[in-house]
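First chain A sits with chain B, and in the next complex the same chain sits with chain C.
Right after this comes the complex of A and B.
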């Protein structure tokens, strides 16, 4: 019963609205990811949960208790700051021991706990060092150790991977997930990076300009994005979006834009939109290149550019002058201008309203 | 094989030696003079090395008003510095963390700084009349408050730089760890601005210790500071150089102690600004 609930929280800074009517339950033991662009209100939401900010409207519940006005000292939360916020004048040991010092434990008990957490995070060799003399990755582990040693109800992470270099970041994702699973610790994790959400989160809350766009199981949100914003944001590379008209021809419905024409007769929910402009979404990773067997739609495309990213490739294509990106999970180098067949299936298509941006599939039900 | 001579280094060291002599010689000469009898002071040629250590001048300073003047200076400088640093710490914290209230916004901060932009003498006449009207002229209170008024902007301005450099998240981490505001100030903020505090103490102290006009105008009879006492060391038309030198040697001591203790912090603060 240690679920945390955010209810209808609104926060303004002067005239700027940072959060607008945000509600969310955070189940115990979950890895809860707040995803959004810089300035979307992620940090503000975390700070409100921690008690570092007080919302203008709405409440925060820890279990049955309304903690909206309870100061951070009495919330039993831990916060890993973006800059880690280690105490530079204290040793790593003292940094980690800091939350324990107020609990009236014996020196021996404190040492035991600190060493336990430190060895769990493999930083037990650093305990005598000062934070300014260890690496960024190590500093982060110290910050995490300081959070975990408290055994908090809720562990809040504010973009902890942003300050790390690429290699460590990759490594940390897996470690985060394993750690969370092993400890059963409830984690709320704010990040601007969709890969963080997809690789670690159980539940994702997508924020945009202070409003909740969608809150769902992360794969549910990936498969059934609530709107264009979630569709584009939750995924890498970004979803291809095309604008086109729904029109009837003979017995079937077609979605048409310049260059593309798709038979969408099997999508019953699109019937009411006949004659309307509708946005079509197509994830780069759903486009098959070359081998189009099993595809429901096939086109001939021109390769504009093969952009190799690590061991993957983002292929920039052009179909009758319409630009789109495809994602190939291997190195795929082709000369520009080469023609290649591409294909995708019915279930790979997403349709959004051109006015509200809402997902038309979800709109119906 | 010819030894290579590094001319640049040689000139540099030579220059430093000359500069050292230029700076240290007056101090040495004061020291030398303080051990002379007044008759020997005017002797031509002067003796460059003290032949006998005559302590008459020191005796005079210690037995007379000189001792009281030095003690007064110590008391006034210590109390005023303490007040300026304590208030300065609190004000600079507020200026750094809450710069949006009417008392701490940019305008208010600038107002405080302007006190320091004019030479003290520009304000001294009104300050003199104010204390006279209050009947507080020539009291510890008037001197301490006046010095504090001049030192506070300096303290705030120096300490605010250190406060600004202190990330807020460190304080917030301490709150999340469970520490109260005052515990956080004591555990986190004060230790981390320690070098700033040391440098501020030193600069406030030095300002008071070297100050003459305020000491002369606002004190002088009941509460006489050593800088105001110094010019009175005359016998008729004769200036008692040996006594002046003895008082000066004694007066240098506290400043030297502070400079030696806080040297590295002072360098830091000069490099910063």
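Right after this comes the complex of A and C.
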């Protein structure tokens, strides 16, 4: 069943168009991620769902009910703000209890619920403290507790991990996912970080300049990006993109750029593009280094730089003067200038239109 | 011996807990002499001198001789009904006046933020409210003196509206009139502070409580006012300090009159020391007045929990 349906929503701020014709169904109990760069319209979309903004066009449905003009307090949604929005002069307990007090629950019932949700989030020891005297990660959890204690239809999170440091962020990702699975809570989560989407989301909606680029199951979007923007954005490190021409030689079709030449005869959908310029996408994590057994394409590459990121390595390579990056999920230190064989498979290649940026595989038919 | 990396000389010695050779550097002390001289000359010495004088009976217009009277001046202050009623007047004038300024200023500031959506109109209104504060005290006092005479503009307007003229400078009303003029001129200060405090409250707090269904009144009580507590306490203090030393308007508008109806402690003090030339007595009175201020501040600070 669909919990929430966003239908053709457009929002402008003065002359600036924040959202343009955005539509999306949000299934009940799903972890729904809105992914996009800063300024893409993520926060605006969340605020429209919450009722803090009213769209110029389009509707929001909760179940069968059109709530576009229903004020926020009657929507039973919880919103976790980027700055957490905790009341600094109230204790953690009072902060979590505040939505319940407004519902007029008895003191006993309030205490029971607050303690319950606090122990679920492992912050029961902090209840007497003031928000300014606890850590960022703890503050985050207090904000989540305040959202959950309402038992809302929908929990909205506005970039909640951005203000946290790296280690806590990693930890919180797992916690978010576990929490959502345990409670079956519908969560809408806005983030600029593709890792958040890949690690937590069931469904991802990619926004760019106020327009939906793709909405799909997160792995679907990763494996079959709708366009070059999604391909590049949903992934870390960014997808390698090369411009080249499709040409016929003998019986087969080739994709050629200045250092690379690939036999793409098996890609039937590229036949209509013979003679045209086409973008080729290749994910850094799909490139095999050293051991190229099983690869359909192999090249000799020069290592330009081994950039160790945590316990992973981004290897900057050069093939006949063409720069590309490969991702190795371990520490991989090699001297610059070393030659190394690289390889990748047919299914690792993505082709995008050089004019519209659309994924040519999906355009077929 | 292996040293600590990156540390040399003094820092290394400190890290290793080695004793430092004592070397007194005098330059900072030399640099402090001019301001210290000024402070001692114009603040600390006169204060001590005032203590000394307060134990004497001295009228410099009659003779340079000072007669030692011990604590007699202090005893007299507490028996001086004129001083005590001046204190009561100040309590009324400052207590009521400053409270009204604070309430009014806060209310206007909140109304500006909550109800005036246009940024331009808001700035315009803010500047309009600030104008009286930018006027010199003496000019404002002179202007109001002209407005509140028995046949002045304000009474003319009242008559034109079919109402009775009011004796603004009568024995009963004069002090309240001064208070009103002060409110007119100085509400802008708490307004400005309250405005700054209000716009520094993160909007997300308001939105969060709106989502939970809090009423406007609850939001005011639970978010806005607690957030503004310290700035408002400071605004109150600033205005109270100003009203404590309030003199200009009394001097120009009423000269303490009619009778002693607007005689506030500062004015009485001024009269005692510089019109009647009872300098020793004036000094004793000002010390007591000052000590009352310090005690008052202390309790206020505790009460407002300003940290």
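In this text, the second predicted complex is superposed on the first by the 362 of 365 C-alpha atoms of A that agree within 3 Å, B and C clash if a C-alpha of one lies under 4 Å from a C-alpha of the other, contacts with A are read in each partner's own complex, and residues count from 1 in each chain.
Just so it is clear, contacts are C-beta pairs under 8 Å (C-beta built on N, C-alpha and C of every residue); 3 or more make two chains touch, one makes a residue touch a chain.
Values in this document were obtained by computation on a predicted structure and should not be read as measured data.
> Should the superposition on chain A be reported as showing a clash between chain B and chain C, or a fit?
With chain A aligned, chain B runs into chain C, so clash.
> Identify the partner contact of A:117: answer first if only chain B is touched, second if only chain C is, both if each is, neither if none is.
After superposition on chain A, A:117 lies in contact with neither partner.
> Quick check for you: in the superposed arrangement, does A:324 touch first (chain B), second (chain C), both or neither?
Touch partners of A:324: none, neither chain B nor chain C.
> Looking at A:145, would you say it contacts chain B, chain C, both, or neither? Reply first, second, both or neither.
After superposition on chain A, A:145 lies in contact with neither partner.
> Kindly list the residues of chain A that each of chain B and chain C touches, one partner per complex.
50, 52, 72-73, 77-79, 81-83, 85, 87-89, 98-99, 102, 150
> Going by the contact rule set out above, which residues of chain C touch chain A in the complex?
202, 204-205, 207-214, 218, 222-223, 226-227
> How about chain A: which of its residues touch chain B in the complex?
Listed in rising order, the residues are 50, 52, 71-73, 77-79, 81-83, 85-89, 98-99, 102, 146, 150.
> So in the complex, which bits of chain A are touching chain C?
50-52, 72-74, 77-79, 81-83, 85, 87-90, 98-99, 102-103, 150
> In the complex, go through chain B and note every residue touching chain A.
Touch list, chain B to chain A: 167, 169-170, 172-180, 188, 191-192.
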